[in-house]
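Pasting the structures here.
In the two assemblies presented below, chain A is common to both, partnered first by chain B and then by chain C.
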Partner chain A sequence: MRVHLESVHRSYRVRRAPETGGRLARLLRRVSGEVEALRGVDLRVDEGEAVGYIGLNGAGKSTTMKLVAGILTPTSGRVTVDGRDPHKERRRLSAELGYLAAQRASLWWDLPVKDSYELLRRVYDIEPALFRRRHDRLVDRLGIGRHLGTPVRELSLGNRTRAELVGTLLHAPRLLLLDEPTIGLDIFAREAICDVLRDLRQDTAPTLLMASHDLRDVEAICDRIVTIDGGRLVYDGKIDELRALGGGRRTLVIHHAPGHRLPPLPGPARSGERTSTVTTYVFAQGELPGGLLTELFADPQVDDVQIEAPSLETVIKGLYLEGA
Partner chain B sequence: MADTLAALRKSAGIALLATRMNFRSHLVHPGEVLLANIGALVQALSGAAVLMLALSASDGIHGWTLAEWAALTGFTTVARALWNTVFFGTLDIPDMVRSGELDHLLVRPANPLMLILFSKVDTDVWIEIAVGTGMLAVALHVSGAELSGPVLVFIPLALAGSALVFAAMHLAVTALSFWLRQDAMLSMLIWRLDTFAQLPMSFYPTWLMTVFSTVVPFAFVGYFPCLYILGRTDSPFVWLLPLAGPLLFLPAVLLWRSGIDRYSSTGS
Partner chain C sequence: MTGTLRRGWRAQRAVAGMQLKLAFHYRTRAFAQGIGALLLIGLQVALWSAVYAGGDGQVRAGGLTLHQTTVYAAAGTVWVLCLPGLALARQLESKIRDGRIVSELLLPTGFLTQWFSAALGRTAGVTVLVGVPAAIAGAAVLYPFTLDPAHVGRLALTAAIAFVVLFDFSYLIGLSAFFVRRVEGLNEVREALLLLLGGSMMPVSLYPAALRDAAVWTPFVHGFYTPLGTLVRDPFVDDRVVVLGACWAVLLSAAAALCTRAALRRLVIAGG
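Moving on to the complex of A and B:
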């Protein structure tokens, strides 16, 4: 499914206690105001594309997800899914939509997990044999077989998120909106979820929009990153291109014996962080003298030498700082 | 037309399955359910004891004997328990609106109100149905009311209608949370007011009787149907009373729909 946002603005009306006035007035009176969550967002996601949607808290990620799901309407601008208004055609769209907001339970809180899945089978009209096949495969891949008889409210966060993901994928949605699917999860739960989503992209290639704080997940699953800050998109492009925004800067990290003096680096390299056992030099990609590495590896006082590219976190932090 | 019928059939299937599963979920923690039911029993018995004491001091209050009052209480208790069986989830609407929990119901290809209605069953409906039915049966016997064929047909119809009146009132009040987002306690207020329905309307001053017969139609929940069941009226219009439920439920649903159209979720 294709997702398209054109010049989308979205504001929320908020009411709060006044900051001035007497105690009684502050208790009883409320002043209204508007908070602008999105300020002219243009975004196009093509059929089968997987987009990581990155942003700080309150940047507008969840609002975008809800607009695409048809839960919200834009204050101005236009949102379409396959050319249709998702709010007006929410019921029709929902049959092909998988929406997972990890902070909220969508399965029936008091029911055992398997009963929730049976209800979802009815809600989505899934043919029993097909349901059984998908169910068994997903339950096995996400390792929640032991918890199928447990009420949802009694599951740990990790198991609940796994169970929620199974529920989100049972009807094989063509558009998948995942809002922080791995937040607060341990490494095993995160890996299980990322593995399933990677496989899903290869098998059925749904259009995927994944909001996340965690760049490791985005790198593992998506091939495009959109970064939002203060309701405006600040980057939209391939992950590799984003990395290149780091300026091709590289860091040479040398682990050595305590107090060991290293040969001076020629050329434009400059000294970076330094401790008694680690010395770093920063240089532009391709400008490291060829013979230097051979010299360092031959030095008996040098234990290890690494060349590091800037992490995506560093690059994105740079984008936010530029915006600020 | 065929699509509408198919949608109705699908909704009915989901509703039945959800109700069955909700009752079955009570068996996951039988101790919790037992305690909730004991609590409800103690509450019912203590309430009954207070009024029995009050009524035993005289031949009756406002023309109602102890047995007649007990029949009214039994009737409204069963009607309320029926409401709790199907419509209990509506009490969560204000919280769902305020916290944004409603979102996940809006992205399902099913009627969101139906998904809320059948989302849970109160744990103490078991004792409420048992106590209410027992109280109604004994009280009718003691009061000497004539249990003719028409009365026996009328009772279940009136109970279903009364459950829908409860449902309409609670849905209308909880739907207001789409406009009054801060007032999640509205549902608890109307929940507490439910006890007004268990007393004969003749107990109340005229202005309150008028309120309970119009704006907050508690009189339709138990008082009016019990006038017929106890043989206090033989007006043929009483057969219209079971229709009060559907007639009041319809505007409540329209209010809900209007509210959901203006639902703005939360930013997170």
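Moving on to the complex of A and C:
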């Protein structure tokens, strides 16, 4: 499914206690202000594409997701999914949409997990044999077979999120919106979820929009990153291109014997970070003097030498700081 | 088109089934409410016996005998438990407030119809748990009694109208969470109106003639008085009253549909 947002603004009114006036006036008077969650977002996600949606808390990620799902309506601008208005055609879209917000339970809290799945089967009108196949495969992949009879409220966060993901995927959605699917999860739960999503991309290639704070998940699953800050998109491109935005800077990290004085290195500038056993230099990619590494490795006082590219976190932090 | 309708029907049935299951899941609460209702029925029987004291059993107040009035009161007490009420409005309000409404909006069913089916499922569950045992117990006490098909049909029709009217009231109050900060006040007004004009405390036929005649034009009587009056064959509940109830059910349902449309456009869900 294709997702298209054109100059989308979304604002909402909030009521506040007035800060001026007498006690009676403050009791009776209402002051309302407007919060702009999205300020002119243009975004296009093509069929089968997987996009990581990155942003700080309150940046507008979840609002975008809900606009695409048809739960919210834009204040101005246009949102379409396969050329249709998702709010007006919410029911039709829901049949092809999977939405997982890890912070909210969508399965029935007091009932066993399997009862929720059975309800979903009926609501989405999934043919029983097909449902059984999908159900068994997903339950097996996510390892929640032991918990099917457990009420959702008694599951750990990790198992609940796995169970929610199964519920989200049972009707084989063509558009998958994942709102921080791995938040608060341990490494095993995170890996299990990422593995399933990766396989899903290979098997059925749904269009995927994944909001996350965890760039490792985004890198593992998506091939494009969109970064939002303060309701505006600040980056939209391939992950590799985003990395290149780091300016091709590299850091040379030298681990050496305590107090060892390194010979002056031609070219790289010392970054200023230095402890008694570690010295770092910063240099532009491809500008490391030839033979320098050989020289360093030959030094008996040098234990290890590493060349590090800036992490995606560093690059994205840079984007936010630039925006600020 | 037929396929879409069939799928929609199946989905609504599934939602109702889930609520039926949930009603059984919360059976302890239903049983506790049933015991509370029994105590309340006992109190009402004592009160109405005192009101009719001194009569020979054939004394009529507002066209009803002591027997009719106590049956009305007992059935009304169980009726309140089974049909949509305050709980529905509170549940809808809290889901709107904390954003759980999202889960419902993501299902391929209409929002209003989904809540209607859920209310139907819950009513069915509580009726099986509390209403049917109460009806069997009541019937055993009242035996022998006459029950002709026309009366049963009329009772079913007025009960259906009452369900729709009470559902629409609760739903509209719950939905007002989109427009007001707390719906508690509206809920209390609803309760007071049902108590005063709806006949949930006593048959409307016992009211002074002017008030009684005015009350049947309001929607409130059709949640309690019309079906319960039909049950006890209250002479005042005639065809005119039933038709008025049907009109109110249609009007309130239309209002609920319009408000749903307007309210969902105001939806704001902050924080993930």
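Convention: the second predicted complex is superposed on the first by the 308 of 324 C-alpha atoms of A that agree within 3 Å, B and C clash if a C-alpha of one lies under 4 Å from a C-alpha of the other, contacts with A are read in each partner's own complex, and residues count from 1 in each chain.
In this text, a residue touches a chain if its C-beta (ideal position, glycine included) is under 8 Å from a C-beta of that chain, and two chains touch if they have at least 3 such contacts.
From a predicted model like this one, the values you see are computed outputs, not experimental measurements.
Model built by superposing both complexes on chain A: chain B and chain C clash. Judged by the touch definition given at the top, the superposed model places A:Arg90 against both chain B and chain C. In the superposition on chain A, contact is made by A:Asp110 with both chain B and chain C.
Applying the stated contact rule after C-alpha superposition, one finds that A:Ala69 touches each of chain B and chain C. Legend: residue contacts after superposition of the two complexes on their common chain; A:Ala309 is shown touching neither chain B nor chain C. In the superposition on chain A, the residues of chain A contacting both chain B and chain C are 12, 62, 66, 69-72, 90-92, 94-95, 97, 99, 101, 103-106, 108, 110-111, 115, 119, 122-125.
Those residues of chain B that touch chain A in the complex are listed here as 10, 13-14, 17-18, 21-22, 24-25, 28, 100-101, 103-104, 106-110, 115, 119-120, 181-182, 263-265, 267-268. Residues 12-13, 15, 35, 37, 58, 60, 62-63, 66, 69-72, 90-92, 94-95, 97, 99, 101, 103-106, 108-112, 115, 118-119, 122-125, 151 of chain A touch chain B in their complex. Residue ranges on chain C touching chain A, taken from their complex, read 7, 10-11, 13-15, 17-18, 21-22, 25-26, 99-100, 102-103, 105-110, 265, 267-269, 271-272.
The part of chain A that touches chain C in the complex is made up of residues 12, 62, 66, 69-73, 87, 90-92, 94-95, 97, 99, 101, 103-106, 108, 110-111, 115, 119, 122-125, 179-180.
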